[in-house]
Amino acid sequence: MATQQEISAFLAKEFPQSKCVIESIGDCTSVVSHAVGFDELRPGGTVSGPVLMALADVALYTAVLGKLGLVALAVTSNLSINFLRKPSADKAIVAHCKLIKVGRTLVMGEVMLYSRGDEKPVAHVMGTYALPAKT
Amino acid sequence: MATQQEISAFLAKEFPQSKCVIESIGDCTSVVSHAVGFDELRPGGTVSGPVLMALADVALYTAVLGKLGLVALAVTSNLSINFLRKPSADKAIVAHCKLIKVGRTLVMGEVMLYSRGDEKPVAHVMGTYALPAKT
Amino acid sequence: MATQQEISAFLAKEFPQSKCVIESIGDCTSVVSHAVGFDELRPGGTVSGPVLMALADVALYTAVLGKLGLVALAVTSNLSINFLRKPSADKAIVAHCKLIKVGRTLVMGEVMLYSRGDEKPVAHVMGTYALPAKT
Amino acid sequence: MATQQEISAFLAKEFPQSKCVIESIGDCTSVVSHAVGFDELRPGGTVSGPVLMALADVALYTAVLGKLGLVALAVTSNLSINFLRKPSADKAIVAHCKLIKVGRTLVMGEVMLYSRGDEKPVAHVMGTYALPAKT
């Protein structure tokens, strides 16, 4: 319903501070990445949890936009993250999102987060978006 | 087990980029706030979700440190946030955290987030911290 | 919007197999209990997790009905439970529910579960109910 | 680490009231089903939510036992369920579980629940099990 270019432009306006990069969009899916540098790291060389949460939120939003079009008013109602493994300090984080329910008022999706190139996920996120009532 | 001053110093080292301010610490509780300005806002005048999540995470960590001492290796294993209401664009966010279980390997706590001065919460967070095994 | 008697009758019809007892209903709150006997126990003398989840779900539903009236079509969309302590084998479980958001399409509430007479909770539940669209 | 026969016998002793049937066990995976009849249905012809939660919990526990052996003391610490679609009234529920983290103190896994034969899931569950400390 919305192309990768349209969504990238839309997000650049909605989340001007975000460094997330949309890598691909499919039917109910998205792949979004986030570079890792000084701002994303905590002492000990791990990627900060809020960076992972923010990336997962953008990946979910991107998949929603890809499926439903540029619904500016979709809002996150729940986001639940399980931290699985310590991410690499020198690799980007890549989020693979899949929507598992697209209803009239709620959309639910899950996101697996990886350090780029690694097979084992660093975190899993389940999210719910509420859609504005149709008028 | 650790005072507000000790924890503030510890967090300044652990999360150098964080703007969170510890307002108080009690037995299994903490109050932590975060100023809201350009960096925290999204178009439409709402505070960004990841700012709320990051603040809740710090509030939980602060309460854990206050209860158990400076356990640098405590790590978040799950964080689940419900967004309840749109926060004010011109008020700081204040997080009130209460630990509801302090076990040997897991600590669980909840956080209510408010726009300062408002009675109704903007978000609710439930979090789980895993503690390092004693040796 | 609905009295304790109306809700008890409604639930007896909706959940005929349920042993839950509504103890009280307030504005956005409910207290519901469940006796503990052979059917609720697991070897080792602990109350089965699904019994706690089922009770919390009924407590949330009861609070929703108390606030909004007999909305038969409200459905649970998310329920997240944290198990905190081993419940007593010989005490009923009592659920204290409080709704923290009552929106047009979503209601969110939390539930603390106790072994009757104990001060420390055995479990915490956060739940979301989706309301049918108004027509 | 434990075979399907060993686990079935173990669960029959641990959960004597359960009607769950283990269909298969793999490396970090399990498939468990639950027949649907009068006891599992609610008015309107839908499978009761607590039945889905209980089945998911057994599927997670089964996968944990399959991976780690008969660890009687593993306990659920968190279980979060998203209800996606109304299950069929006349089909068994089948749970497909996959562990996504097997740590020393925590095991995390996800479960997709289906009405047997249907492609679209009726619910998604994320669960965390705490393992007893080694001595």
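Lettered A, B, C and D in written order, each chain numbered from 1.
Rule of thumb we're sticking to: a residue touches a chain if its C-beta (ideal position, glycine included) is under 8 Å from a C-beta of that chain, and two chains touch if they have at least 3 such contacts.
This is a predicted model, so every value here is computed, not measured.
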Equivalent-chain rotation between chain D and chain A, CA atoms, steps of 5 degrees: 180
Counterpart interface for C-D, drawn from A-B, A-D or B-C and sharing over half of its contact pairs: A-B
Centroid distance [mean C-alpha coordinates] between chain D and chain A, Å: 28
Centre-of-Cα separation between chain B and chain A, whole angstrom: 22
Whole-Å gap between the CA centroids of chain B and chain D: 33
Where chain D touches two or more other chains, by residue: 77-78, 80, 82, 128
Complex interface listing, chain C residues touching chain A: 77-78, 80, 104-106, 128, 130, 133
Chain C residues within the chain D interface of the complex: 13-17, 39, 42-43, 48-50, 53-54, 57, 75-83
Residues on chain C engaged by chain B in the complex (per definition of touch): 80, 82, 84-85, 100-101, 108, 110, 121, 124, 126, 128
